[in-house]
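Both complexes below contain chain A, partnered by chain B and then by chain C.
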Partner chain A sequence: MITGNVVVVGGGVAGMEVAGQLARSGCMVSLIEKESSAGGHIKEWHHLFPDRRNSMEVTDYLARQINHDNITLLTGTTIARMGYGKKVFTVDTENGKSISADAVVVATGFDLFRSERKEEYGYGIYDNVITSADLEVMFRNGEIKLTDGRRPEKIGIVHCVGSRDEKVGNIYCSKLCCITAVKQAMELKEHLSDARVYCFYMDMRMGGALYEETYRESQEKYGINFIRGKVSEVGETIDHKLIIKVEDTLVGRPLRMELDMIVLMAGMEMSKGGEQMAQIFGLKTGENRFFAAADHHYGSNESNVEALFFAGSCTAPMNITETISHARAAAAEVICYLRKAER
Partner chain B sequence: MKNEGRKRIWAEYQKEIADDHFFYVRSCIRQSFFPGSEQFFLNFMRNVLGKDIYENPSHTTCTGIGYHGDIVPLATIMTVVARHFALMTEAGYKNIAISCVTSFGIYTEIIETWKHFPGELEKTREYLYKATGREFNIPENMAHTSDIIYKFRNEIAEKAKNPLVNRQTGEPLRVIEHIGCHYSKMFPKYGVGGAEFPHVLSGMAEAWGGEVIDYPERRHCCGFGFRQYLVQANRGYSISNTVKKFDSMKPFKPDLVLTNCPGCNMFMDKWQYTIREMEGTTYGENGESIPVLTYEELAGLVMGYNPWDLGLQYHMVQSEPLLRKMGIEFDGQDKFKTKDGRQMPLPKNLINVV
Partner chain C sequence: MEKFGFKISKTRVIDFDQNDKSVAEFIYTNEPSFRLCIECGGCSATCTAGNFIPFSLRELQILLKRGETEKVKDNIEKCMLCGKCSLVCPRGVNTRNIIELAKRAFKTPELHAV
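On to the complex of A and B.
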């Protein structure tokens, strides 16, 4: 067992996992979450790729992880200031608490790209242009319908919204949107068997375990149409159908298509909370604005500040499997650091 | 279309538009084809609002059409624009008001080029000095004249004698707004409301009582596209773009098209005539064509100016259907008379005239 006080900033998947691992090792953990409850983005998601298990199974696991006497969960809490001296952090919260810590783990996660920034897609302007997150809420409610209550018959899924897009300042790939699109396309077909579903993609990046198999299944079993081309604009017809313009780059022709619903695959960005932490703690960020780890290969949990570590997608887009692994690695780094300090 | 969404976008693209003391640069196309527009602007600014607007007879074309037609090199057009800035600087002005959207696009492109490549600015200063002995400052404020009318749209609304309302039905007139590509599509930050849902013209139309129509090909090119028209063999591309645009707007039954670009106004006006001649297609109601107006012409109508003083008779598509809807009295006999009452030759085949 190890002793020491650790502050974990961010109560999403990474923060909960790292808090649980540290508590089981003997550390006293203060888990700080700005929202009213822990859980992060996964709370809003219905099913997870690639096996489409219910996300509740993972949130239940995480809830068990932080159900430990050594963990103090501080929800609705944000950090105002931080001082470091004589190997001890003093973390002051906005609501007047002051916490001493031997180490800090930043697990501030990501924010979903605000799809309204891609003005040409008309999110927030046209009815029935929704995001991948909005669609998960519909899945959870068990009903996929248009704003006028009708069932959509033709649905377009737009990949890379806010990812690999120099115009919005995000040249990186968010990595999860392709497989999310494939998963959601299949689920749409399960809800609406007669609907036609089209995915508009730049490249299909199917790098994870079972991703390629899921992609193949979506075509062979579900009949999802994949069109290689970037949607250039969305408009509305006189009978309030959405109309898109896209170039089918494999056929080499421009395409116009009327759709009932468009789902935008919102990418991942450095969170606003993360940006605040970067300022408060003086942490380095990379070109993609996520935190810059000390070393890409063997120091991805280490920061430029002594005794301060990173966990999860505050350093780069990650899926849940990777996030949990990264959080466990962060816990190992903290334990290693505290052991050295004890000596 | 949800207005809250548009307002959120507009809030991100609010540019500073100077209030007074403008160095005015005319448009080659506008002063030739819609001369009443620039005349209205100068009269409105000077005599109605009491603003100071100066124009210099030594101002020339910006050579934008030649530049986009691939016959004027970048170094040349930068030097021509630098000379305009020198005229402005010599006259003691810091704010430039640009009548043409092509010129506006040229000015913004060149200023952005100089920001990113300061060496180009130094070279341009050298070229201009060697050629003319002139020096220049970059304008502190650069506005297209539609920006300025937008800024004063509420003052115009307060003076409105003929709001954009169908006098017979009481319904708002249905307005197609079309911005020129070079107004904000290259640099959205220079346009009021950005490029995707621009507010410069829709803001005027709504302030004056009209209803703005969103239709599928709203963002599509008017059909000019410079080389699509300037190279004769390409003109099929030009007119087919216009057909696509008008086919798309027709079901929405627009009462007028409002533009801020000389090329757009010219092509959406004149190609309607051509399409009608080629295949008998018209896009307005009752076999009529849709009047295409500049923002100054529309502002003038709203304020109660005589339509023929505004130069509406110089469009290919005549504006009578719109004038009737707005309840504006006019005398068709006066259309082609000079100010002192002499009759000018009458054009043949006027569209929209019974």
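On to the complex of A and C.
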């Protein structure tokens, strides 16, 4: 057992896991969350890739993790100022609280790319152009409908929206949206067995555990179609059908397709909260605007500030498995630091 | 006896070692963003010319890189230099300059010939 006060900034998957781990080791933890409840993005997600389990199973686990006497959860709270001197942090919240801590863990996560910024894809302009996040809400409500109430028969999924795109200032790959596209394509077929689903991709990035198997399953069992080309724009016909423009690069000819619904695979960006933290405390960020850890290989939880550590997708796009592992590693780093400080 | 083995029709194969890639080299030198293309086809999808006639800027670029220059020479003249392609390119490839450079290279072989 160790003693020490730790402030964890961000009550998503990473923050909840790191708080739970630290509390069980004896630390007193203040878990700060800007929203009215902890849980992060995964709260809004219905099923998780690759196995399509209900996300509630993971949120229930996380809720159990933070259900500990050593944890004070401060929701609806953001940080106004933070100072460090004589090995103690003073964290002032916007609502007037002041907390001292021996260590801080930043777990501010990511924001989803706002798809309306990619104007040519028509989000917010045409009915029935939705995002991957909107589709999860539909899955949770159990009904996939067009705005006029009809069932879509032909659905297009557009990969890399807000990722790998210099035009929106994000040159990196968000890493999770290819597998999300495959997962959502299969789930669409489960809801609408007669529908045809087409994924428009530049590269299929199936680098995670069971991703390639899921991709194969989507072809074999669900008949999902894949077309290689970057969608250049989405338009609408006079009878309100969506129309997609792409080059079928493997055939080498432009391709037009009418669709009832288009789902945009929104990428991940450094969160606004993270950007504020970087500013407040002079934390280093990378070219991708996520936090730059002290060492890419063996210091991925360490920052450029003593006693301040990173956990989860505030450092790079990560899936839930990776986020939880990274959060546990952050807890280990904090414990190691507090031990050294005790001596 | 019948001989089996790698006797493939010459015209089908990209003879990578023999092909003349000097036009591509000339473009790489003068427009380094030529290296950044990921063959996504965004440019070709939006291209004014390519939607009516057989013309794909994505394809022309890869052909140049493989030294299949004969297929590019006349085709590239179909470009109307409208610049729409550069508005969609996710890699910031300076497509118009690539077209201009390729045209120049074809007109004045001494610029790049080895």
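We take it that the second predicted complex is superposed on the first by the 343 of 343 C-alpha atoms of A that agree within 3 Å, B and C clash if a C-alpha of one lies under 4 Å from a C-alpha of the other, contacts with A are read in each partner's own complex, and residues count from 1 in each chain.
In this text, a residue touches a chain if its C-beta (ideal position, glycine included) is under 8 Å from a C-beta of that chain, and two chains touch if they have at least 3 such contacts.
What you are looking at is a predicted structure, and each value in this text was computed from that prediction instead of being measured.
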Practice task
For A:125, decide between first (touching chain B), second (touching chain C), both and neither.
Solution key: first
Exercise for the section: Scan A:233 for contacts with chain B and chain C and give back first, second, both or neither. Expected result: both
Practice task
Applying the touch criterion given at the start, work out whether A:165 contacts chain B, chain C, both or neither, answering first, second, both or neither.
Solution key: second
Practice task
Determine, under the contact definition given at the top, whether A:269 touches first (chain B), second (chain C), both, or neither.
Solution key: neither
Handout entry: Which partner, chain B or chain C, touches more chain A residues
Key = C
Exercise for the section: Kindly classify A:254 by the partners it touches after superposition: chain B alone (first), chain C alone (second), both, or neither? Expected result: second
Exercise for the section: Enumerate the residues of chain A that count as touching chain B in its complex and touching chain C in the other. Expected result: 120, 233
Handout entry: Touch list for chain B against partner chain A, complex
Key = 1-2, 4-6, 8-9, 194-197, 214-219, 251-252
Fill in the blank from the handout: chain C contacts chain A in the complex at 38-47, 50-51, 54, 56, 58-59, 88-92
Exercise for the section: Spell out the residues on chain A that touch chain C in their complex, using ranges where they run on. Expected result: 120, 160, 164-167, 202-203, 228-233, 245-249, 252-255
Fill in the blank from the handout: Counting only contacts in the complex, chain A reaches chain B at residues 116, 119-120, 122-127, 233, 235-238, 243
